[in-house]
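These are the structures in question, set out in turn.
One chain, chain A, links the two complexes that follow: it is found with chain B in the first and with chain C in the second.
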Partner chain A sequence: MIDAPRATVARLVGGRRGTIAGATVAVLVALGALGLLFPASPAGILARAVFAAGTVASALRLSVPIALAALGGIFAEKSGVINIGLEGLLIVAAFAAVYAMDVTDSLVVAFLAGVLASTLLAGLFAVVCIEFRADQIIAGLAVWLIALGLAPFASQVIYEAPNTDSVRTVPTVPELVGSLPSAGDLPVRTDPPTLGVGVLDAVLAVVVGLLGRVVLFVAEVLLASSLSVYLMVLAVVLSWYVLYRTRFGRWVHASGENPKALDTAGVRVDRVRYAAVLLSGVLSGLGGAALSLGLGQFTGNGATMVNGKGFIAIVAYLFGNYNPVGAFLSTLLFAGLQAVQNPLQLADIGVPDPLIRITPFVMVVVVLALVGRTRLPDAAGEHYESGEE
Partner chain B sequence: MTTPAVEFRDVTKRFSGVVANDGVSMSVEAGSVHALLGENGAGKTTLMNVLYGLYEPDEGTIHVRGDPRSFDAPRDAIDAGVGMIHQHFMLVDDMTVVENVTLGNEPGRWPLLDGIADHAGALATRAGIHVGAGPLGRRVAAVAERAAPAVDGDSARESVVELGERYGFDVDPDAVVEDVSVGVRQRVEILKALYRGADILVLDEPTAVLTPQEVEDLFSVLEELTARGKTVIFITHKLGEAMTAADAITVLRGGRNVGTVPAEATTREELAELMVGREVLLDVDRRPATPGEVVLEVADLAVTDDRGVRAVDGVSFDARGGEIFGIAGVDGNGQAELVEAITGLRTPESGRIRVDGREVTDESRRDRIDAGMAYVPADRQERGLVMAFDLVGNGVLGGQHGAPFARGGRMDWERAGDHARAVLAAYDVRPPDPTATAASLSGGNQQKFVVGRELERDPSLLVAAHPTRGVDVGSIEFIHDRLLSLRDEQVCTLLVSSKLEEVRTLSDRLAVINEGEFVDTVDPDAVTEEQLGLLLAGERPDNVSSTAAVTATRTGGDGNR
Partner chain C sequence: MSVRDRARRALQRLVEASATERALISLASLAASILVGAGIVLVAGRTATCEEAAFVLATPRPFGVPELASAGFCYDPVAVFDRLFLGALGDPASPGWDPLNGRMATTLRETAVLVFTGLSVALAFRAGVFNIGTQGQLVVGALATAVAVLWAATFVAGVVGTVVLVPFGVLVGAAFGGLYGAIPGALKAYADANEVVTTIMLNFIASGVALYLVRSVFKDPASPANQTIPLPDHALFPPLLFAPQFGVSILALLFGLLAAGGVFVLLRRTVFGYDLRASGLQPAAAEYGGVDARRTVVASMTLSGALGGIGGAVYVLMVLGKFQTDVPAYGFDGITVAILAGNNPLGVALAAFLFGVLKSGTTVVQFATDVPPQLVGVLRGLIILFVAMPEFFRLLGRRVLPRNRAGGDAVAADGGSEPDGTDSRRGEEP
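Now for the complex of A and B:
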């Protein structure tokens, strides 16, 4: 009985996931130490780039669409419907949100429009997969291809170009309130009072200095973040709660592992799966809306502005082992690698730009190769019909 | 006369033209154990699925406690107090026992709100007001509970623990289901039904997957249940179990009820005849063996299992052509690993295996098949068949490399089809349709097909693990007969079975395995039940004489004959 939580911890920390998480933390710590000791070395430059509040803030910003889509993917796949159409859901939501913003200039309406568009498309996907027993992978690809054609086409019709006009962006907290002080004005001290005792003073200086700096750093990041980032954090926490603490979460789990068990327990499997897939539409809709509204424009050239984020989301939740918190952390890893690119390119550390630019994708491949053995829900991808043997 | 717990009246169920149940009427007395006995495909499970709301009957009605009921879905049956324990457990493997038991009926809780409500309630009670004690209050509380989104984990655990204690179940509520034994899983299934308020429990072939010890435990659980007023219906094709555990026995044959008899007033022979429709020879007529040359030689074999634990520890024996060498033991004592090592599915740690004097220890499955080894695996679905293949494809498995089914890399499907048809006909596999997938057959018919394919391989060595698992009496008789005639054709058979009766009656020599070691090798005709029980437990009774040496001398004599 006492072993149960311990086993869970072991499952979370153990294995290759734990190795990668540990390695990431170790690299960050080593980088921090090197940066402090040798500020002029390449490690120092890298450390300054990684530990800048701007980098962390932009990592969070880049995480938003990926993390939200990943949360959606978790719900769908845990219930037994593999939704590889997340990319498509992000695309339609991104366009719909910008268009709604352009028409109504209301942030709430814009987000709702994104959610509505994405949920409708997810609903179509759900009907095709659950009602008409289509192959989930092919239907998911169709969702992506539909969105890839539809969004730029709609943009062409309305704006006469694949890219939309610019609209208002999602504000940060200071922008919203209008009069918050910047982080520098916060009453946080980094210089301790002197007590007159040499050793104590030195210790106090280090402790207060470090704590103050951390508080300031966090405040700076939070103040620089848009509301979308807060929305994402809220969604991560709520998703975790729903999946692990509610009846619906149990049913989603059972529906993906052993739908027959759920059916014989008197819960309609198809309803649970519909709900889960629609939920993936809602979450991806939030993500897509946050993505385009963060930039104030939908760009529909080539792979559109979504550009593979939906697929990275799939990797993120697999790496996160279907746990919302895990998915968020792995998203942050990918987004973090992307976020350090700009300062690195500017800093010119002697590595060619194209090499720096591919690091997130190299990481995706490395993660996929290393994790490899994610335990998929037993019935994922399989159609379930009540009453069949 | 009391109202029967369940009564079927002229229930008929057809599947696309095939009649699975043909006007079945039967009544089950409340508080009793009622066995539903029949061969594979007699319509037992269909009848129970009709009761459980998984199928709708085409004709007839079902009465539960005197009221006519029709269930559209399992939920309706559950609400009416009917619980079903399926043959393949309906459990979510990576959930805990508590989570599985409460699935679909989790006690609800309102996060935050419940805490506030509790405090408010406590304050009100202290002030002398009893909120929620009146009928309206209770209703509101009940509705609020049912609509609550969060799971009340503590209360779920409490009620499961309480249930387990009431019925004397030994189940750890926090264990993850995939970590517990089959017997425990079954108890979890029973708990699940009880948790939902079932007072009529239907068990579909509950003993098929259990060890003899677990079967005993199950029967005492059933006794406990009926002692507390529950009604139990269990489906089985095993005569002995029906007679031991049931109060009344209804026999189905070809979808019809061919008779209900009280368990005390019947005999095995009568039941068998009802089931099969003809007289069945329950006792195997084993002619004396004429052992020939040594075919299988195992020397100092040590095998480790998946967890790295030594499962077989220094086993040595010789088995001869023309004899059945039986291995008896409680499941999980290394039989599975021993068989896997001999058949080439697991690499032994050390030791040697020879077939017909040829060393095969390091040879592949394919080489061993070519050397004349046939293998009836314990798990037909995992190892014996490709469930998605049709029977033609399944029939050539193992022989796909060469003649007669393949030549120059091309399959001869015509010949393969003939072969499948021959096996289907000879082993009475139903339906006899070679284009049907393995998955579409019932468990017993799958087993007959696997046995048929392996026995028709014309082997010199047959390794058979639980060859009659899940097969009905009529077919058991046939398979036993085939095993004996193969023996008479000088085939060497290694027989592993968890059915003591089976290894005892068929084997010419019987080795008893315990914790990976042979306790002794005995003459199955001379050993008594008590002695065998001691041997199975790993103890050596004083007065049992090992037959290993005896047989060797007897073989010498036979050789001269």
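Now for the complex of A and C:
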């Protein structure tokens, strides 16, 4: 009985979501066309900024912490625990990773330290919510505020300033392998082979030219990306697989939608939820570590370097309808908005810097207003009490 | 059941718990947070580097047994908490204590702003809305007040100026904060956008826009900092008893108390307050009873934003005398204050003072012991965490006290058990 209006709501939401996605694609296509037709106009400058390999690479780089936190948020919320404290998990991981890097100078240890810090905090959150039945929203806010105090506190204790010392950053593939060309060394175009037949040569020139452009573009993006970007893509694929193709994924779904059924089937709901929340800690830990190690420093002033990315992640997965791939694509949209700003500022299209920085936040509010209520898992936010004791 | 219903039920439990129990939980949370804080200070003291240990833990050595272990700490947690509380009040136990001393002034200054941010969060909470955006509403209110009063101060001067300008500034702050609070309210009511996320986003937007406006429109050309032109003295809250350099006014403090009383009366004695509380407790029943749920959400968020905006006005007209970017996180402190007060407006006044002690105390602590003042940020979160899990203290209570004395009584005190009836039984299983 209840399903009928809910299905309508879902369709409506899906419709709105589709509209936004469609509008985004349409804007990009229109921009590309305008840019090709009028290269000298502001649209042309904007198009060159949007479609530059550097912009795409930096959009991917900016996506890493948001997308990883969003993946974590999906697991937690799908299992029935709304983790609004993702921001806090990113903050502690960002600090712990830089500190560990500073002490050990090992990339692996640094990432592990970030994951450990974030998972410990997520574990605390899980105990508070599952064992002590705290309100999830309030406990999540507490996690965020604790981290917001703790990381600058620790930085002040160790480095005597809210910002840490600088450390090594995460390398790109060429930096790691050495024998590969770096992104800047790639040729701009590829010369097509000639066959000696005029018409064929012309066709070949166009085809190879276009294909070559695409291949070179992709290669440039891949070569310019740090290992963190590869890690993110891997995490998106794995998360999708775990959620939709494994038994654990089915348990997570059931734990959020119908915990009683899961309980009846003999699976401990609280354990599934613990696992899911801890997993959100692991993923956010990777995200936080990638964020600070990408810049080689933790900055703890004001809202810290995380600066709302955990909350953007929440909107990203709501907008992506709890699908890891959807969450990744909506993250890319938010991050792309930010990435386009650097070339625009270089091209001197004058929107003042403070205003440019708030565009992702404005976008998030707009998206949230348009998408409106998302269909949460049925039992999300609710404490589940097993009947047996 | 949706999240919203669940959240409302949790709020309802918070609200319905008996006043004594709530006060006990708040006090226990405060104590627990401070205990954890002491632990953090100890751990931090091991990590920090210092010339000489301020505090040494060693295994006892009865009958000349050689010392097994000894650890030196850079920070002495006892000294930290001694400074935190006694320092914040200017050492009330020492002879010749002057209640108008500088530390006390700082504590009361913080209190005066926190009363408003606490009331802002508490009022929204009562209506079943999480307003995490008090910070942004405070920033908007503060900037609007600074700009409007600066403009108006050229027309009036002297005592008349103060009488006109201060209420004018407060009204402007309330209006702008209220409008800024109405945005997430309307988004929630009419577009079903989650207010937790929108208010947090609007915090970032507020500080970004404020930074832009101050940098490019309202900047004080004489200052390298991002700030507006300082307001003349006659446009500020008069300091009265305290020395003017402390930036605290008894008037502002009284105004805060008055506001707390006002919100209390509004919630308890007016139709609007009844509607508001009803929508917070039982939204479905309230709507059935003829309450327009959407209008109530927008109205309560507007009012909540207005209180945050007044907090901003008080910050400008009492503490700073101008607007400066990088506004301290009074809005987030307000969440702690409201939760500590169990969302009771009168409790907010007390909780604001307690948290004011913590905030002013951390600066004393920094002078005396080198412990970074960010400690208060950690305590802010810990307090919320502990208050959020009354169950923790109930279980603790049951373990410490014999079953027939604690157990059932403690649960019955919050108005019975959960609807499914499992709540009260769980902890008593052997």
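In the analysis below, the second predicted complex is superposed on the first by the 344 of 389 C-alpha atoms of A that agree within 3 Å, B and C clash if a C-alpha of one lies under 4 Å from a C-alpha of the other, contacts with A are read in each partner's own complex, and residues count from 1 in each chain.
Heads up, the rule we're going with is that contacts are C-beta pairs under 8 Å (C-beta built on N, C-alpha and C of every residue); 3 or more make two chains touch, one makes a residue touch a chain.
Quick caveat: nothing in here was measured; it's all calculated off a predicted structure.
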| item | value |
| --- | --- |
| Partner chain(s) touched by A:Ala254 [first = chain B, second = chain C, both, neither] | first |
| Comparing the two partners chain B and chain C, which touches a greater set of residues in chain A | C |
| Touched partner set for A:Leu141, first chain B, second chain C, both or neither | second |
| Residues on chain A lying within both footprints (that of chain B and that of chain C) | 378, 387 |
| Chain A residues within the chain B interface of the complex | 1, 4, 7, 241-242, 245-251, 253-254, 257-258, 260-267, 375, 378, 386-387 |
| Of all residues in chain C, those that touch chain A in their complex | 1-3, 6-7, 10-11, 40, 44, 47-48, 130, 132, 187, 191-194, 196-198, 200-202, 204-205, 208-209, 211-212, 215-216, 326, 332, 335-336, 339, 372, 374-382, 384-385, 387-389, 391-392, 395, 420, 422-423, 426, 429 |
| Residues of chain B touching chain A in the complex | 54-55, 73-75, 78, 84, 86, 90-96, 99-100, 103-106, 108, 111, 149-151, 153, 172-174, 176, 192, 196 |
| Footprint of chain C on chain A - complex, ascending | 82, 84, 128, 132-135, 137-139, 141-150, 152-154, 156-158, 162, 302-303, 307-308, 311, 314-315, 318, 352, 354-355, 357-358, 361-362, 364-365, 368-370, 372-373, 376, 378-382, 385, 387, 389 |
